[in-house]
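Common to both upcoming complexes is chain A, partnered first by chain B, then by chain C.
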Partner chain A sequence: MTAATVSPLGLCLVLARKDLRLERRAGEALLVTAPFGATALLLAPLAVGTDTPLLRELGPALYWLVVLLFGVLVTLRASAVDGPAQVAMLRLAGVGARVRLAGRTLANGVLLLGFQLLLAPVAVLLYDPDLTGWPWLLPVFVLVAAGLAVLGALADALAAGLAGRTALGPLLVAPLAVPLLIGATGVLQAARYGRPPWPWLLLLATVDLVAALLAAWCAPHLEDRT
Partner chain B sequence: MTAPPTASPGAASIGPVFGRRLPIAAGVAGVVGLIAAMVSPPDFVQGELVRLMYIHVPAAWTAYLSFAVTLGASIGWLWRRRPGLDRMAAASAEVGVFFTGLAIALGSIWGKPTWGVWWTWDARLVTTALLFFVYLGYLALRRAIPDPLVRARRSAVFGVAAFAQVPLVHFSVLWWRTLHQPPTVLRPGDPSIDHTMLAALLLNLVAFTLLWALLVRARARIAAAQDRIDEAEPTRPLAGDAVSAPRLEASDV
Partner chain C sequence: MPQIGKAAPAYRRVVAGILGSPGGSAEVARLEDVTVAVHRTPVLHGLDLRLAAGEVLGVLGANGSGKTTLLQVLATLVAPSAGRGQVLGSELGTPGTATARRRIALVGHVPALYGPLTLAENLRFVARLSGRDEQAANGALAAVGLGGAARRRAESCSQGMQRRADLARVLLAEPSLLLLDEVHAGLDRDAVPLVDAVVARVRARGGAAVLVSHEPDRLVGLVDRLVRIVDGRAEPVGDFP
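Let's turn to the complex of A and B:
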């Protein structure tokens, strides 16, 4: 199969499937990072103090904070298994930089969605938060996963092959992903107080769109043409 | 007879770092700005504390300027691939991080007697702190990449992406309800500041801009000299010929 015979979307799906198959074998995101995130959710009350009403208030915020910080680790695992040889082979097969980044983003998005869905019951169990308006969380899960997936794929591309990539990647992503954190926590709070959560969803969608456009512009410039 | 000691490779081509005229101009402008800040009237509400504004605002302005130059130089590098543009982007980001830190520190010193706290969760403060960390990330990215071409390419891409934070900082006081005052000079219509104070502020803006130009030029010149030394110096084995050091090669996506 060569790139000429498959549409860019088809190529993107093939690459995402490859990343997900690797994840199924290694289990790094869902079997290592997710339990690590759950441990963080368990440890936070020990630092804050076992004040149940306070923890009910803090629960959603801590959940999204763990999703943001540990989710970045999920997105950074890909370049560790993709060496220069694999990238060169894809280039020779005619797979463009944008398609490669889109494939990685898609796989990241699926994994992050799974990561969020795994951690959500843990947060509910540990913190017992007020879940008024919980159906609004469904689009939030998708939008946060998408935004973080794009930013993570971009940071992964920037830090690929570097010795300190696991520390550098989160430093590059975390400050830029703050609107995702604000939007995600804002939706549930708005629903709790009877306000429309649309502005927060719009913020999330805007961040996703800007990040996607930025990634599409950046991808060819990250190509090594030497 | 022994041979005279030879200079290190590239040393002969290192020019003056600070130059002559720009340090004098920056020094004179700094003295004039300081005098203007001292003789300007105290604020009706803030009293003498207002004088911190003459450093805080120019520091924030030079930070914006730095990141705008980093953006421009990064786009320029992606377009033309000239090493000088990469050095300019890096030098400007370094100086910008310094001035952002200065603006945050001075804002904090002003905030303690005015608001009663060193730090508050105000939109302008938080977005400025994020800006600081975004560009620390930019500098960390540069330090992590040993290959000059890969470093220039990746940091140029991030230099463009990072600038998205700058308008967020500037407009944060308009988009959110904040304790920080809204724009007083960069706004439509007549500036909402006493004109004597505005004159002193503008003089300090000029002084800080000259200081910024001096620092960026010096840093870019040092980087250029370092590049020349690196190019001129032959690759030497670190532990003799018997042991070869592990090679740091940045792979690409």
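Let's turn to the complex of A and C:
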């Protein structure tokens, strides 16, 4: 049995694939959290009533709000938690903290994209929003998924092993994710009123970049906690 | 060498297949005046230990005496708060330990398996991480007698099967330093020779092994010498208690 050196990107892909396989078995993100998010989208029209213009106006913002809050739960899914034995095994296999965080982020990102795509038709059905400039949604989906994936992975690593992990995680992520919410709704608003959405996309990309740099800086320190 | 002649017939072939050729003779690990505090409580205190290539060391000690912490230090997963040491040529607490880690295997109290994944998927995951042929995973499972259970989810396997799967992981890793923490716990009688064989394999390749156990009887014939952790230090044990 001979071993070949695996690149950090290769390790990252192996980790993400493992996480996605675990999610496929557990179904936490797409079979539990996504229907829960869809239910939350349904509750707003029930509360607002039959004020269709108001729902059309609020729809996109409520969608992104649900994506943000429930998306954090996707990133904190229990099936993705590595116990001390698994972490030790990964460290001895030469998987560093940054690669572990990157692998988790990649899997989070894929799941969040799926989560957004599942909820989008529900929001369209319930709120009948103005879809002018909808192609701009495509980069927004990717940028929001990436940003939330990094922040969620980082919060999960920070809260690992703590009893209140599932409560602490959203508390850590939500404030940091506010620019993602503002940017995502801003892009659609700009497209709707014929303004260039680039500044909002730039905001989203900047948040992603800062989150990635923060995660890269934090990761080794998180490992040192042991 | 361990007594493998009394192994159950099913495992004799396995043991023979696992054993390899002899290797080098360098020092594998050296700890000097090492102190480790866990949550600010000193667990190891002024501990000295040397481990030669080809040597198998047994570690005894009461609950909470620091046996597991010692294994974590040797695995380079925990850096000493005082003192110094080297493992596989890398100074503890320095970035160089990252290189040494790939040559270390640790089998702890809890098997390092992902419950929802099958045993084969778990082993293939380890193989991919270390850049090994995925087919080697099936071979390793077969070697520990789990070829027929490869498609069973780890969470549905008995503790003994999970232990054996963890030993299969060691076979895949081909470590130079093997660290076993209460490895006999949960293993059925027939599977015990597997531990002997895995240890013998590492020793034959010029590596070393450290076995922690509550039960000294389990280590008879398997280790070259014994130490007992008392007050955070490793004290030599002349003979099996």
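The criterion applied here is as follows: the second predicted complex is superposed on the first by the 215 of 226 C-alpha atoms of A that agree within 3 Å, B and C clash if a C-alpha of one lies under 4 Å from a C-alpha of the other, contacts with A are read in each partner's own complex, and residues count from 1 in each chain.
In this section, contacts are C-beta pairs under 8 Å (C-beta built on N, C-alpha and C of every residue); 3 or more make two chains touch, one makes a residue touch a chain.
Just so it is clear, the structure is predicted and the values come from calculations on it, not from any experiment.
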- Does the superposition put A:Gly96 against chain B (first), chain C (second), both, or neither? second
- Task: For A:Leu162, select first, second, both or neither according to whether it touches chain B, chain C, the two together, or no partner.
- Result: first
- Which holds for A:Arg25: it touches chain B only (first), chain C only (second), both, or neither? second
- Task: Examine A:Gly83 and indicate which partner it touches, taking first as chain B and second as chain C; both and neither are also allowed.
- Result: both
- Message: Looking at A:His221 after the superposition, I want to know if it touches chain B, chain C, both of them or none. Which is it: first, second, both, neither?
- Response: first
- Query: Shared contact residues on chain A for chain B and chain C?
  - Reply: 79, 83-84, 226
- In the complex with chain A, residue positions of chain C that touch it: 72, 75, 77-78, 98, 101-102, 104-106, 108-112, 114, 116-117, 121, 125-126, 128-133, 136, 139, 153, 169, 172-174
- Query: Which of the residues in chain A end up touching chain C in this complex?
  - Reply: 1-6, 10-11, 14, 18, 21-22, 25-26, 79, 83-86, 88-96, 226
- In the complex, the residues of chain B that touch chain A are 78, 130-131, 133-134, 136-137, 140-141, 144-145, 149-150, 153-154, 156-158, 160-162, 164-165, 248-253
- State the interface residues of chain A toward chain B in the complex, per the touch definition above. 79, 82-84, 87, 97, 100-101, 154, 156-165, 168, 171-172, 174-176, 178, 210, 214, 217-218, 221-224, 226
